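Below, subunit A partners subunit B and then partners subunit C, in two separate complexes.
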Partner chain A sequence: MSLVDHLPILIIIIPLIAAPLCVLFDSAKASWLLALAACISSFIGSIKLLNTITLSGPISYSLGGWQPPWGIEYRLDLLSIILLLLLTSIASLVVLFARYSVEQEISKNRIVPFYATLLLAIAGLSGICISGDVFNLFVFLEISSIASYTLISLGKDRRALNAAFKYLVMGTIGATFILIGIGFLYMQTGTLNMQDLSERLPSLYDNRTIRAGFAFLTVGVCLKLALFPLHLWLPNAYAYAPSVVSAFLAATATKVAVYMLLRFLLTVFDFNFSLNTMPLDVILIALGSVAIVSSSLVAIFQVNLKRLLAYSSIAQLGYISLSIGLASKLGIASAIIHLFNHALMKGALFLALGAMIYKVGGAELKHCQGMLKRMPLTSLAIIIGGLSLIGIPGTAGFISKWSMINASLEAGLWPLALLILFGSLLAIIYVWKMVEAITLQPSTSTATAPLTRDEAPLTMLVPIWALVIANIYYGINTELTVSLAQRAANILVGGY
Partner chain B sequence: MDISLLAMLCVTAIAAIRIRDLFAVTMLFGIYSFLTATFFLSLDAIDVAFTEAAVGAGITTVLMLATLRLTGRYERKPKHNIFIPLIVVSITGAALVYGTLDAPLLGDPNAPAQQHVSPRYIEESPKEIGIPNMVTSVLASYRGYDTLGETFVIFCAGLAVIIILGIQDSGEVHPGRSAIGDQLVLRVVVKVLLPFILLFALYVQLHGDYGAGGGFQAGIIFASGFILYDLVFGEGDARLIIPPTFLKRMAALGVLLYASVGLYSLFNGKAFLDYSALSDNPTSAQHIGIFLVELGVGITVFSVALTIFFAFSGRAQITVKTDRRPPL
Partner chain C sequence: MELSITLMLALLIVPLAVALTLPFFNSSPNLREAVTLLGSIVLLICAAMFYQTIDFENPPQLILAIPLPNYPILFSPDPLGIMFSLLVSTLWPITSLYAIGYMRQHKELNQTRFYCFFALSIAVTQAIALSGNMLTLFIFYEMLTLATFPLVTHAGSKQAKQAGRLYLGILMGTSIMFLLLATIWSANIAGTLAFQADGIFPADTDPLLLNILLLLFVFGTAKAALMPFHRWLPAAMVAPVPVSALLHAVAVVKAGVFTLLKVAIYLFGIDNISLLPAADFLAYLAGFTIVAASLIALKQDNIKARLAYSTIGQLSYIILGTMLATSSSIMGSSMHIVTHAFGKITLFFCAGAILLATHKTRVSELNGIGKQIPITLCCFTLAALSTIGLPPFAGMWSKWWLVQGTIESGQLILTASLLISSLLNLIYLLEIPLRAFFFQQSTTALTFKEPLSPHLLAIGTTTLLCLLLFLTPDPVYHLINLIDKGL
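And then the complex of A and B:
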């Protein structure tokens, strides 16, 4: 085997091994460089893997040289590689951004363990997306979860500790449910390999153990996904975490939970069982709709912009669950499209807020005064990110909304299409709040701080604008996202 | 036997919920873990029982007690409504019962779990891996990558404790003054026991191939030896032997040792963690591989367990310093 054949494992273990290396070197600068190098190499590896998969189909890699189902299998299909590309690209940009932001927000003696933990979170989330073995998926879920709780607790605000603890309790319940579900499946099939499970489960769909296992898995994953009403951990976790962590988790963690949901529902179980036999389609549509309306309404009344975006995230996860609940190829495809586009929007917005916190010292509405003059490029990034969040034509958000509305009309559910439009109207209100504060509010703080141009450093502007440009690019050129998502959805609905 | 154990488990759990004295609750948790360990033993899952006894009853209890020293002994009355949690727990319990309605009976040889993947482990592992303890074969070889992941989970927990609590590097050391006061009898007992504890840990580490045990349990036992020493002989004494910064690096080295076994096979053209790259003889290659990864696990588990203890005991020194009596 040449090194290229090892790419599936390499893109996971490079960040994984970089974490203990950071601790060994014990230098802040070296940790940052190491983390950056690890993320970029994984990103390059993922691009290479995308090419292989689009040309010659899914890749399987047997760990330890043991054939599945006896050993653990890594299995990469289109959905996995879309998630991995998203994860590694966002991770690279976030780490590039992190350098100055972390220096300011995190005390000196914690910077090295911070980068080590961030690398573990990245490796854990990537490991979930590539594993073809349900227990291995759980192990990497544990790595990513513990790392995320720790990262959130690093926030400057004392409330960060509380938020992290709440997330820990909810997340652990979710993980336990997932483990119980896996245990039930194993009890009746004797296997942990996903493909093996998908072959053995259909004859057992009437079995009560399997049905209970299905319920435990779904509820556990939905806790991680922050599906309404299991979302209560999310707003504070995102609001009080360090800027870099908010950006990274908002763009990736819940997306990986969506991935797990799709994987369990459509690969381990199958489309008909999950969304037709079980009443999950109705539940997802109902909860998704409530999430869209209620969280968007709450978002409107937020003063802290990070909290505002956090509530908006819950609403966006509502859109995604609703699309899955439509139980059609188009619905699943739009869920994948929105998953990707939403990561781009929230990544850009949270990073821009991070730059603002770096220069102005906070992310509340009062801090926005005079932003346009002071940090024109960051302000413009927030505006474009906001437009994409609403779904204005020409941005990635429009493609998501368009495809979701199409999917609901195709399913004959026009009220849902109206609901999606109504959600966008609410988004206009809360995005307008941000934009108004940035552009129109009179600069009353002239007395305290001179309003000269004081833009964020280049290592922050580059990642922010890379994501902003991606938002515009994927709004105009839909070839990549839409066609890949449709192919991935076809594979998922049609079986492995 | 099973029913009486289950009944005792239930009684312990309910008592733990009702009592507000957290010392008592910690002890009840210890009992609960021991009962669970006995339960695993009656299921013939000796390795699991061993781990549960070492981790659940042993080190967790010590850490909880260390935490109680920092917080307080009594739990405050909960402010929230108890009905919603009660409903959630009842639904979960009902779902669990529902799930077991169609489950195969305990110990049924025709159960799917006994039929599909495990026969190969039972029949082939003595030939393929060459060691009698099949649990170790599955853990360290067939599913060795999971164990690598678990070791990283432990490493991550260590990082979490360092980040949240922080460890005072040069933290105050009080040689000869112990956390529990001068206890002559205890000192003598510990002095006699300590070499045996450490020796036993090494035995467990190296003997995992043949009997119950392995790096995980060994690391915990080794760490508890140090913790015992620290508790009885003087606060911070253990720190003088192993400074926390060194411990942090050791934890990193443990996981790196495990991962580098995988990288070695990878660079020799085999799959990640394929031990056959380590030697020409297949079974001795497995032996070497399992020995190395278990060593990695042992080092990391030991370092992290001791780090967590140091972090807690370091806090205790800060908060308790004010009201401590002068040494006699």
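And then the complex of A and C:
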């Protein structure tokens, strides 16, 4: 076997090995470079894998040469590779951005452990996307979760500790639920391999243990996904974590949780059981709708922009769950599309706020005054990211909104279409709050010395603008997002 | 590349290029204004050449991108679009001329930003005019709101900020809530959004659904300022006068009624739309808006606010004609887009000139100023006559066809509303020259202060065009007849 055949495992191994190396080098700059190199090589690896998968279908990789179901199988299909691509690209950009931001926000002796932990989180999240074995998936979930608790607790604000602890408690409950669910499935089927499970489960769908396992899995995953009303850990975690961490988690962690949900619902179990036999479709639609309206309303009243975006994230996860709840191919496809696009917008917005914190010292409404003059490029990035969040045509957000509304109408549920649009109206309000604060002149009473241009350094601007341009690019050319998502949804839903 | 495609591309690129180059001339205002003027004249030439070369039987098509499978961003003009594009291209150089005089004399700040977004708005308007399907139209409809927003809030004052919120809230709120829904729903039903002469909906579509869609389309297009979504237009009057003149009397509002005409003719089909009860309801709502807006205009003391309400009424003429969907009423509606534009832009130009010369913004303050600025006020009177619909001005033709349309379809109440509003127009518009020329001012004697300036030149030109269009409306008729032929 050549090295290319080992790509699936390399993508996990690279960050996993880079993490201890960082600690060995014990130098901030060296660990930054190492982390950057690790992320970029993973990214290149995922592009290569994408090519292989689109050409010749899913890849199965047996760990250590042990054939599944005895050994652990890594299995990559279209959905995994979409997630992996998203994860590695965002990770590369975030690490590139991190250098100066981390220097300012994290105390010196913790910078090296920070990079090591970030790499562990990346390895864990990649592992979730690749693993074809439910227990192995749980292991990676724990790696990524513990790494994210640590990352959040590194925030400068002391409230970060509290937020991290809250997340730890909730996250552990979620993980435990997932483990119990996996245990129940194993008890009845005697296998942990996803392919095997999907073959053996259908004959056991009436079994109570299986149904209980299904419930545990769903609730556990929804806790990680921050589905309303299990979202309470999220706002504080995003608001008080270091800017880089907020950007990374917002763009990837919840998305991987959505991936887990889709994987469990549609691969391990099947479409008909999860969304028709079990009443999950109604539950997802109902909770998603409440999430959209309530979190958007709360977002409107936030003064801290990171918190505002955090609440908006909960609303966006509401859109995604609602789309899954539509229980149709179009619905699943639009959930995948929005998952991808939302990562782009939130990544751009959180990074831009990070640049603002780096230069201005905070990300509250009062810090915004005169931003347009002071940091024109960062401000423009916030404006475009915000427009994408609303779903203005020409941005990736529009494609998401279009597909979700189309899917609701296709399912004959026009009130949901109205609800999605109403959510956009609320988004206009909270986005415009930011835009107004940034663009309009400071009021005369608070105007101080004339503002001079003081833009963020290039290593920050490049990742921000890469994501902003991606937002526009995927609003115009949807070859990758829409068609891949539709193909992935077709595979997931199978013959239904 | 074919000549017509090149020219069509030029219509989009020229104003965009102007917008992108202007920031580099921030330090030299003369050069900056020269670029604007030059760009606008080049655009006019391109638009005229495009009109000459285009083959309506086989219009040029240009696909920019395909954001959604089956729904490309497509430019493919029809006679109505060409008419709108020509209209905006004609008025941009004139407005630029006016703006140069106005902005300098009024000592506005951030003029580069102003010209830049102005050019950008023109580019977006051209894209609306040339769009070949509803998705493209929707995309640029939204962008026009965003491109004009910085112009509305140009002053940066608290009042401007509030007006900006109202502007964005109503325009974007309705377009996202209703227009986007209607667009996606149509795509869902018909499987296409391309503009077709006999409509896109299959014959067996549920009539109830068609009624709902029509309501969504019309209420979603708040740029047409049909009540109850009209409040943004008076609010937008905080913008500098050239913006109110070209954008909020022509480009933005006409983009609204243009959208409605496109939807009625090319998505629903003229024959189908008159069968829908919703169309009747909307025609009556438009009739109500016509009378109500005229009554409100009567009570406005601020000149620009009065003109804004007058615009709301005039826009509803077009909506009314569109919803009746008879041959003459569509003719009247299409024509009214052009004739009202020339009249109203002149009125706004004059309001700005009055502000510059006398620093007065209220109708009640205008007593006796006729001696100071006779030329401006004469032009105002002539343009007012055109807006009212009296000969020998362009406004007469469109009103003629609209009234004929209401009579043809037997809706005599609507005929009455048109006539009553004409009467009200007469009162509230002519009050201004009457006060200026015949009322005496109590205080000190006034002197003539109307030196020849760029903005006066602009006023003269548009007034002349009102007259000219009465005498030779042939190009407009030519284009409108093509619409009638189903091209």
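Convention: the second predicted complex is superposed on the first by the 485 of 496 C-alpha atoms of A that agree within 3 Å, B and C clash if a C-alpha of one lies under 4 Å from a C-alpha of the other, contacts with A are read in each partner's own complex, and residues count from 1 in each chain.
Basically, a residue touches a chain if its C-beta (ideal position, glycine included) is under 8 Å from a C-beta of that chain, and two chains touch if they have at least 3 such contacts.
The structure displayed is predicted, hence computed values, not measured ones.
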| item | value |
| --- | --- |
| Which of subunit B and subunit C A:P202 touches, first, second, both or neither | neither |
| Touched partner set for A:G361, first subunit B, second subunit C, both or neither | neither |
| Partner chain(s) touched by A:P229 [first = subunit B, second = subunit C, both, neither] | neither |
| Contacts of A:G394 with subunit B and subunit C, given as first, second, both or neither | second |
| First (subunit B), second (subunit C), both or neither touched by A:G57 | neither |
| Partner chain(s) touched by A:I180 [first = subunit B, second = subunit C, both, neither] | first |
| Partner chain in contact with A:L418 - subunit B first, subunit C second, else both or neither | second |
| Per-residue touch tally on subunit A - higher for subunit B or for subunit C | B |
| Subunit B versus subunit C as contact partner of A:P376, first or second or both or neither | neither |
| Subunit A contact footprint on subunit B (complex, rising order) | 95-96, 98-104, 111-118, 120-121, 141-146, 149-150, 152-153, 155-157, 159-160, 162-164, 166, 245, 248-249, 251-253, 255-256, 259, 262-263, 265-266, 269-276 |
| Footprint of subunit B on subunit A - complex, ascending | 1, 6, 9, 13, 16-17, 19-21, 23-24, 26, 61-66, 69-72, 109-110, 113-114, 116-117, 120, 123, 127, 135-136, 139-140, 142-143, 146-147, 149-150, 153-154, 161, 180, 184, 186-192, 200, 207-213, 215-216 |
| Residues on subunit A engaged by subunit C in the complex (per definition of touch) | 387, 390-394, 398-399, 401-402, 405-406, 409-410, 414, 417-418, 421-422, 424-425, 428, 432, 436, 439-441, 475-478, 482-483 |
| Subunit C to subunit A touching residues, read off their complex | 65-69, 73, 138-139, 142-143, 146, 150, 153, 156, 161, 164-165, 168-169, 172-173, 176-177, 180-181, 184-185, 187-188 |
